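Heads up, the next two complexes both have subunit A, just with different partners, subunit B and then subunit C.
== the complex of A and B ==
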């Protein structure tokens, strides 16, 4: 009945439309056309709600009551605050790109051999060749978060990585203030290169962020991607990671998610060449009334690839966790090996976990499986530890650490693992 | 294993026509005028000599249905159904409820004989070894129930087993109390349509503390062209009772699609147990996907009392499209729900089936075992929900769904929804998809089995876990069906 009728726009939808009209005005004609098309993708359906299958458990329309104004240009004070916040990570890698409130900050950047960084804003004005790499990673343009990012993102970085010896790039994203910011990052990894990408999200304020990271991985390259999401607890965090893998690639992505009031992390992984392997993993920790959503889409479009997904969620208070994972095996993708597992630990009576692991398979010679569990800490194990003189709280912490630790074990970069473990421990001692 | 041997022989026997129930009974029928309107609803109600409240109930449903839309979320694809082209009521001409089998049209009796469903009690006794395995049958032909067997013996035990149309007249207070209490009139598009136009089906009431002395069974047959079948089944197991109910269905082979939109409601009170088994073998359409039944069914059981138990077992081999989710509402504390399913699709069949286990009471448990087998150019989807509400402390679920793909033109999908709203719930879900291992096939073939025989053997092993839960009479039939359904899937 209602589907044919133009829906009534919410305040946030109206505000987004107005913000977009103002935003596009100064842009060149070609850019306006591209962004109009992107905004139209968003506008036709509006903010997704629980009747939209993909957003069933994360009702963005209800969660996003208002659309914050776009971030102002960074003041020196904001940059200084960002600098202090990022200092906690020390020197994680040879190269660093810093993006504050959605804007690239040249002063905080660090260059390295084999890493070419072009600020997106600059590329847009010069209509650089690199722009062609935007939107090539396989993320669906109709997805709400993707559509909004396509429409609004005016800064970020375009990166080309070519080194054959392992090179690390730290992508530090920081937010200060009550604004909306859109960031676009595209990393093109040359054939045969070996790279580490470390993405950190920090900040304070009640902002709305929309980050899209696209990784295009050339033949035979090795890529390890890490993401620490430790944004302010008042944030609405929409994030998209889209990776497209050519043949013979080894790709991994590991995330620790503990920030934001509502976070939706979407991962779109596409196998475009044969004999590639991907490992995706993540730990989400939430308390209070926070809401953390991880949504995966793994597209096995070609034969002979393997993917592994391993996700852990720990919830307390009235927190809500969501895991949706879909493995698609297309008709030609014979000899696919896909294994997905998502486990949730509920520490309080009123926490809620919603799981939807999905398999859609059209090829017959495959081995695919998924598993999902949700439950409380095993009383018997707890008793065992307590019987040995370990106090209850400590015993619980031990067990949660072991539960989440499985994902961290796979992290090859020692510095990153230390940061993840410490950050998770920090959450455990406060459970917020 | 003799049963498996039988399957292999069965495959050998059948050569050309896979669907052996595709014949048409040549019998004069009386149909309601084409299309759906308030008049048709009144016509059906009048034909069934229903009381006023029943007519009102139907009309309410009909009015509601007019405002509803056909659901589109299932992974099935079919041309739009024109509900005005269907006939909503068909009955053998001059049909009056028969007093005994001698009054039943011999043509009808022959039909059921041909289907292997003996309606004469003495024949059943003669045909089945051992006195313990008698089955009482309610035979539904298009829109009417033609015969119900063993009524007397069941009545002696206090069990009411009769066509629902008769129950509405004879036990209105029971029907009124429970009808629509599990699947509300407004539940979904097809259930609401059913509520408006349902014609027949079975009604079972097992009184307190009675263990139903035999298996109850309903056999559904669609015969008439262009008619939809809208059966309605209501089973109530009072405190401490037990009943096992079987359901079978077939239809003639026709080029056009026919609609079957049934509603089944089960109610189990304190300590009661209902075991509901289905072998669904509606005409699946031909290899090119022409014809076949659209099977859009709402089945739901309500464990209303403490320690109630409802168990669904289904073997789905027929229908062009299956849209079916037998569910359990685990309302009573310590109640149990079970779902065992084998869904086989071949040719161009589309199956979207699964279950819902809704945990509301404390210490409730549920178990889901689903085996999907896709062959030919078919699509086979498992879609299921397991949820525990805030107060459902210590809810426990185990789910296992495995899919098997035979050939590279089919699809197998798994879409589970798991919602835990309490930390004390323990939910486990696992699913796998694979094909028949080359080495298994090789091993069987090397011992002299043909490829088809080998596949039948391996598939039987794959589904064994579910077959075990079928009553004996059905298990044998189901095993045969599995081998027949997969016929022609090789090469």
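== the complex of A and C ==
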């Protein structure tokens, strides 16, 4: 006789299951099957906790006591608030896609040559062929955030970018209210195209967001991706960036993370073609009792590729930072050049940084290295600045700016760099 | 007047300064010479306000104001300047940014207005030219990748720009070849003025051939053990410090 083992479900898990049952009802049959499979991936293990290695430092089960209800359709007032918030960025790119509370807003979109934007909701209704591009970027379907996004994301955008002259797409995501929202973005970059993707996250309220951005980069293309995460300080922000690079690609992704009560940014990068280069970098800034996690997985699956990972975290008060970075070099990936570095600056006694850099190498002719540091502001440097008349707080700010600046210096887009620097300065002036 | 009376200072319960007295009047250039470990650098750090040192006895005043009541930045704004023996490298902070932050912080502290960027640039350019410091160097991160000579010239540039009342030069000659030494010494000599005092700390006499002091002190085991004119430096160069190593015991 066998007995069904029913694990005890947390309130949040139960609420997610109930929300999912309601959510899937109006979907087409084929779509229901796909989403059932995704939800099953999540439901198997439920919300991960600290005994699950990948989530050891970010205990999602503890952090997510409740599951917020799915966002209602946007009111005109919500869209107006989003419009105002997004206006702060000015005109960042030729093209713009705006997603408010997980819903694509056609009225705020801006079109440009070489950028085809299809709202995901429309693609689902029409069972478009474009849906085949979902889930092709190498993000593991079993990952909790990915599984939930696969199950719940019913809107977002599917983008195709083909221009050979640099074209910029601003992906503006905004949240208003105390809800849960899921957004899926897939960007397919044609061979030889040159694009910039600027992802901004703003909002107010105590919401739970789950965003997944998939970037499929064609042969020889150049892609610079930027992400500013400046969500409300009350939110739970789960985000996945998955990029799959064909050969001869030049890819970069730079993030400034300063919003959310708890944020987990996952990056899955796969080298699928030879002679590609990727540079990943980020600055995370947190105070109070906030928690910022950057977890990345770089898969060198083919030979002759190079990756650079450079992350900086600044923590104060009781904030906690997490960096988990893994570079996998598969057996065939000879001549891989992988360098990963993560440094943290702790401004208070009670801030905590957990650093877990890993190299897993099966090829024998590679150059790989990783380094991680966590420390306080150097007293000797501080004294040098103060001995020149610079007061302590200003001297600290100069040093923190310099610490983070190394990542910002690599930003080629001046407007983006200005926004990142100003946004970081803004954090430094109150260190929240 | 920079007045130091019976100064005792310790680091980690280890007494380094053991009753040091020294008075520097405006316009005077004093040199302190002494063997390694006599406490010369400690004196400069204690005066500048480094936190690792504990003053256990005595006083130091700048124009009557108690230095030990002030933070390092406040001392600087009152007109005290320490040229570091080993200027620190600060990656990510452009030299120009640093100079401007320092000058404007001091001006604010003294209730003077901040300089506009063009005014500031003009001042820096004038002073940098005299020291052979290029615009390109000013754009580089502070002291990062600078040679020993460039770092020391950069210290003198800061001194020239900040126009302090009292300058302490901590072994400014260390690590310099003779050409660099001359440039640095000329930079210092150009700043000699009736209303400015200098304390030149050095192990070797050669710096004092270029920056000729009014008064030379010999320091040993945390105290001034002998005071004389410039000729004292030559005597020390000839005879070494052997006489002083055991002197203050």
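Simple rule for what comes next: the second predicted complex is superposed on the first by the 426 of 432 C-alpha atoms of A that agree within 3 Å, B and C clash if a C-alpha of one lies under 4 Å from a C-alpha of the other, contacts with A are read in each partner's own complex, and residues count from 1 in each chain.
In this section, contacts are C-beta pairs under 8 Å (C-beta built on N, C-alpha and C of every residue); 3 or more make two chains touch, one makes a residue touch a chain.
If you're wondering where the values come from, they're calculated on a predicted model, not measured in any experiment.
Participant: After lining both complexes up on subunit A, report clash or fit for subunit B versus subunit C.
Facilitator: fit
Participant: So if I put the vertex at the Cα centre of subunit A, how wide is the angle out to the Cα centres of subunit B and subunit C? Nearest 10 degrees is fine.
Facilitator: One gets 70 degrees for this angle.
Participant: For A:40, is the partner it touches subunit B (first), subunit C (second), both, or none of the two (neither)?
Facilitator: The answer is neither, since A:40 touches no partner chain.
Participant: Look at A:390 in the shared chain and tell me whether it touches subunit B only, subunit C only, both, or neither; answer first, second, both or neither.
Facilitator: The second partner, subunit C, only.
Participant: In the superposed arrangement, does subunit B or subunit C reach more residues of subunit A?
Facilitator: B
Participant: Should A:288 be classified as contacting the first partner (subunit B), the second (subunit C), both, or neither?
Facilitator: Neither: A:288 stays clear of subunit B and subunit C.
Participant: Does subunit B (first) or subunit C (second) touch A:373, or do both, or does neither?
Facilitator: Once the two structures are laid over each other on A, A:373 reaches subunit B alone.
Participant: With both complexes superposed on chain A, which partner does A:364 reach: first (subunit B), second (subunit C), both or neither?
Facilitator: The first partner, subunit B, only.
Participant: Could you say whether A:349 touches subunit B, subunit C, both of them, or neither, answering first, second, both or neither?
Facilitator: After superposing on A, A:349 lies in contact with subunit B but is clear of subunit C.
Participant: With both complexes overlaid on chain A, what's the closest CA-to-CA approach of subunit B to subunit C, in Å?
Facilitator: Least C-alpha distance after superposition: 13 Å.
Participant: Can you list the subunit A residues touching subunit C in their complex?
Facilitator: 379-381, 383-392, 394-395, 398-399, 401-403, 405-406
Participant: Help me check something: in the complex, which residues belonging to subunit C touch subunit A?
Facilitator: Interface residues on the subunit C side: 48-52, 71-73, 75-77, 81-82, 84, 87-88, 90-93, 97-98, 101-103, 105-106, 109, 141, 158, 162.
Participant: Considering only the defined contacts, which subunit A positions touch subunit B in the complex?
Facilitator: For this pair, the touching residues of subunit A are 1, 3, 53, 331, 334, 344, 346-376.
Participant: If you look only at subunit B, which of its residues touch subunit A in the complex?
Facilitator: Within the complex, subunit B contacts subunit A at residues 67, 69, 73, 390, 403, 405-435.
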